[in-house]
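Heads up, the next two complexes both have subunit A, just with different partners, subunit B and then subunit C.
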Partner chain A sequence: MSRALEDGAALPRLAFRAPQLSAGVLLALPAAIVLLALYAIPLARLMASSFVGPSGLSFQAYGRILGDAYGRSLVWNSVRLGALTTMIALAVGYPAAFGLAFARGALRSLFLASLFLPLAASVIVKSFAWSTLMRSHGVVNEALMSLHLTSAPIRLLFTQVSLISGSVNIFLPFMILPIYSVIAQIDPRLTEAAATLGASPVRAFLRVVLPLSLPGVVAGVSLVFSLSVSAYVVPTLLMGESYPTLATTIARAFLLLRDPALGSAAGAILMALGLAVVVASHRFGEKSAGQ
Partner chain B sequence: MIGAFARVLAVIVMALASVFLLSPLVIIALSSLSPTPVFDLPIGGASLRWYAAVGSLDGFWPALLLSLEIALLSTAISLVIGTLAGIAIVRRIVPGAGVLAAATTSPLMMPGLVLGIALLQYFRSLGLTQTWTSLLLAHLVVTLPFVARTMVAGLSRFDFTLIDAARMLGCGFASSIWRVMVPALAPAYLTAALFAFLASMDNYPVSIFLTDARAKTLPIKMLQYIEESPDPSIAALSTFILIATLLLLFVADRAIGLHRLAGLEA
Partner chain C sequence: MNAHVATTNLSKRFGAAAVLDRVDLAVERGALVTLLGPSGCGKTTLLRLIAGLMAPDEGSIAIGGFDVTRTPPHKRNVGVVFQSYALFPHLTVAGNVGFGLQGKGLGRAEIAVKVQRALALVQMEHFGDRPVRALSGGQQQRVALARALAVEPSVLLFDEALSALDRNLRETMQVELRRLLKDLGATAVFVTHDQDEALTMSDKVAVMNAGRIEQFDEPVRLYERPRSLFATRFVGVSSELRGTVAARDGGRVRVDTPQGQVLAEGDLPAGAAAVVSTRPENIAIGAGDGPDRNRIEGRVRRVTFQGSRTRIAVDVGAGGDFMVEIGGIFALPAPGDVVMLSWAASRSFVFADARQAA
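Presenting the complex of A and B:
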């Protein structure tokens, strides 16, 4: 490498300034090759294959999903799962992240362990454990009956209650951790300064802390939505066949139906949904930060 | 007054969230002691029979071994290439550093099933049919975003002039990297490795398209097992893993502090 650089230096100066860039390019090259060869190209080819019909270019696969009521219900089921999970996770996770930032010592370690430890249990086993909680004689129903809130067991498993609560349970750490890591870095002197300058605690929060915490919210919302909208194990174990989503359709199309065009189209729609929310939340974050 | 009240309220919300998050784990641990072949809370006595049964689970040890091999190797490779790319991104010595940063973390947002089928079709078209190789290549894409995200966060808080300072004080280049940069980045490495390893170990949606009847990874074997005969041996296996992780977290908390690890999860 250095030999080549010396040769280059001896040549008349070229417009191409490769030597100055080479160290950085070399550092980034392995990761760039992995991303290009194992990520960008395969996805581009998959997207291309979703437009292939029996006779060349075709939008038939998209028509089959977006054109009839069942197909649209797949999209709607995925969006509902993603949107409800994200909204509930944000409503719980935002104050919880502050609680985590306020905690010290053993309490903080305990809180953090409760966020890290679930990541070590497989989503499959956690979803199954959640389904046992929701059984007609599971813990939740027994508790409701012993509190005399209900006389007979309520049907929870294979309903949206068990689906959404289970999904929030699995994806909540991905909302709390990014928000926490941002608010832990907010200088506490900023709120003190706001108070000194006469701002009420509510006003100091709304004008100082909330805007500074938005990058964490954007990261958490993007991550939780894109994970939950495309979740496969969670709806399979908590809802079964009664809640078909785009994700379960992709698996069915490829593993059972041998219908790659349908699966690719479902994949493309799922990707577009995730991308839309990621881009929209980043735009929102930038706009709010700019004000 | 309002401030103190809000603080207490926030801590209570976090405490409730902790209970909520840990509840399925408690169910798993308790179910592993069930005396009956039903994955449920042990009612009327406890038994360790499912711990004994883990050892004789059909096909689990090859699946665990395959998952461990793929997770350890893909995490190790991603740590190296992710750190190198992270340095280039943070120091902005590569054209399009911002685009590269977005590109390295974007697989996090990509539906796993979509990546799985994309790689399946791609590998087939290239004639790559070896399960082990295709799994390892696919899991590079699974682990790299976790490493890149954490290393960029860690490196952007690292003061690179410390290396110059060490060299001015007579340290060689290699030893200044080893004695200054590596210790400062240890928490970032630990976080990156932990998240990447767990993401690979627990990956179902990408792996399902790349495995075959002979070679299955642990999550695929587990889902198959749970759908066929959900007995508590799965709970016993998970409890083993949870106890090992708990010990690891305890050591990490003592050595580095869990809050420093979590602070890198931007």
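Presenting the complex of A and C:
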């Protein structure tokens, strides 16, 4: 009887122990399988095909992009779109994140809804909406003319103004939300403590709030840059042929030119750009946090 | 004006509720003063108003003789130790302690010396390079204190600064902190809801209730001669009888209670509903000698032996427990015993019975 009890007592402990050791592995397994099958393997094949030339292994596809003025302009256009979008989104989104964090009650719900609801609309719909706003007899031009700020419609659509404002508008929530989630965690007592130690509001912001908000900035910059540098719909609908980027080149290479090596190489370069900014901003964040 | 910190007619409302109601408080230079009261009594609001972290609706605040009512917190030279310590998580211990000094245009070497001196005061001089996240609660508390001391503030304010520590450490810190502040000659205001902490640390205690200061006195005086029923109950245990004032009798009143007539210090008109209170340790078992003693009978409910003293709950027919505390272990009564209780009239106090009056 007592033996059976002891065995019984020992059993659940064993049964409990074993899965605990591999709980992390088990929980990550479904996601790992999905990522491996649907992402890692196709990506590896894509990378591999970027090194295929007419006679086996070759860097020819990379040479065609990086060794040629037109090819380099593709890279430059992508980087320009990503960098401008990221910088403007940061300048607009950083204060907005504080507005969101300080807002209470109905105002906060309104702010959050106005951030989340646009995410539910497809990027294609939003890009079309922008092209409608920006065309020669669109809302923006009609408004400018009725205010007598201009006499004739200004060309907005298919200019960089429409490209960047559309891109900032579409990717802005990805800047605001991570910054907001970080500054909402900052203890308000910290700024009070800084004040009682003689720090003016500006100094308290620069020395306490800004450094503590950097992880949010890093996340926001990483997200917005990697989304906007590789955006396809936005430049296609708001700029068309006049602003070819790596992303539009990938589509052209696969769909029109039937040149998988070129498309894959463009994809690899794009991925390298995104990774570089993600890694660099994390390094920067860690360095600033550790000072 | 002699007071180092003085508030005059200070009021603060949140919406319709008055959190502070015309508070006058004067803290002398070098005094350690505690604001004591239950949560919601306005003690933290009063502290935040002195620090400048909130603006009053009415009244004024003076520090060192200067009106600072409209001065922003960073120009008041007031050090605050917060309940959560509010250490800057991205800085080291030395970075935290030096934070206030860096804004003052001092040289790097001078700051390092002052930081080291402040850390030495709290025995943390070897922790300067550590990140604050790696510290225990007690160590964080010390760093928060060193950070506030480093800027040599005119006044130090402590907002429940010890309440997050465990009990043993808290009691050690109370004694240590009092000695340190006395050595430095600092003027300090503490906020706490812990009566032991208030009595241990302070030169004077302000008992607060519903946005007002009920009594502002030295700890001994506060305990021995409470001015209100609230103060009596909040600082120590109160053994109470209810009744009606029979007559005034030369600075005392005679009160008729269901337990018999008792004498108490205080002044109430004849016929007033009254509560007579004394401290459990004033009460003896037995009739005692002398004419100026109150005597009542009761039946023992519980006897709780606590080592150096014994707490006895007696049913005297007044509803709740009538608490008696005696030293020594001789002649302890047993539950069910009928005992005679007596205590000096000079140690009983009479207050208007708000429950009856309302």
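Everything below uses one rule, namely that the second predicted complex is superposed on the first by the 270 of 291 C-alpha atoms of A that agree within 3 Å, B and C clash if a C-alpha of one lies under 4 Å from a C-alpha of the other, contacts with A are read in each partner's own complex, and residues count from 1 in each chain.
In this text, a residue touches a chain if its C-beta (ideal position, glycine included) is under 8 Å from a C-beta of that chain, and two chains touch if they have at least 3 such contacts.
No experiment lies behind these values; they were computed from the predicted model shown.
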Self-check item: Clash-or-fit label for the pair subunit B, subunit C on subunit A
Solution: fit
Self-check item: First (subunit B), second (subunit C), both or neither touched by A:84
Solution: neither
Quiz item: Is A:203 in contact with subunit B, with subunit C, with both, or with neither (first, second, both, neither)?
Solution: second
Self-check item: First (subunit B), second (subunit C), both or neither touched by A:145
Solution: neither
Exercise. Examine A:187 and indicate which partner it touches, taking first as subunit B and second as subunit C; both and neither are also allowed.
Key: second
Practice problem: Using the touch definition from the top, say if A:154 reaches subunit B (first), subunit C (second), both or neither. | Solution: neither
Exercise. Spot which of subunit B and subunit C makes contact with more residues of subunit A, would you?
Key: B
Quiz item: Who does A:66 touch here: subunit B (first), subunit C (second), both, or neither?
Solution: neither
Exercise. Using the superposition on chain A described above, determine whether A:102 touches subunit B (first), subunit C (second), both, or neither.
Key: first
Self-check item: Minimum C-alpha separation between subunit B and subunit C after superposing on chain A, in Å
Solution: 8
Quiz prompt | Footprint overlap on subunit A, comparing subunit B with subunit C | solution = 200-201
Quiz item: Which residues of subunit B touch subunit A in the complex?
Solution: 2-3, 6-7, 9-15, 17-25, 27-28, 31, 39-41, 80-82, 84-85, 87-89, 91-95, 100, 103-104, 107-115, 117-122, 125, 137-138, 140-141, 144, 148, 153, 194-195, 198, 201-202, 204-205, 208-209, 218-219, 222-223, 226, 230, 234-235, 238, 241-242, 244-246, 249, 253, 258-259, 261-266
Quiz item: Hey, which residues of subunit A end up touching subunit C in the complex?
Solution: 187, 189-190, 192-201, 203-204, 207-208, 211-212, 289, 291
Quiz item: Within the complex, which stretch of subunit C touches subunit A?
Solution: 51-53, 72-80, 82, 84, 86-90, 99-100, 103-104, 147-148, 151, 153
Quiz item: Which positions of subunit A touch subunit B when the two form their complex?
Solution: 21, 23-25, 27-28, 30-32, 34-35, 38-43, 45-46, 49, 92-93, 95-100, 102-103, 107-126, 128-130, 132-133, 135, 138-139, 169, 172-173, 176-178, 180-182, 184-185, 200-202, 205, 215-216, 219, 222-223, 226, 229-230, 232-233, 237, 247, 250-251, 254-255, 260, 263-264, 267-268, 270-271, 274-275, 278
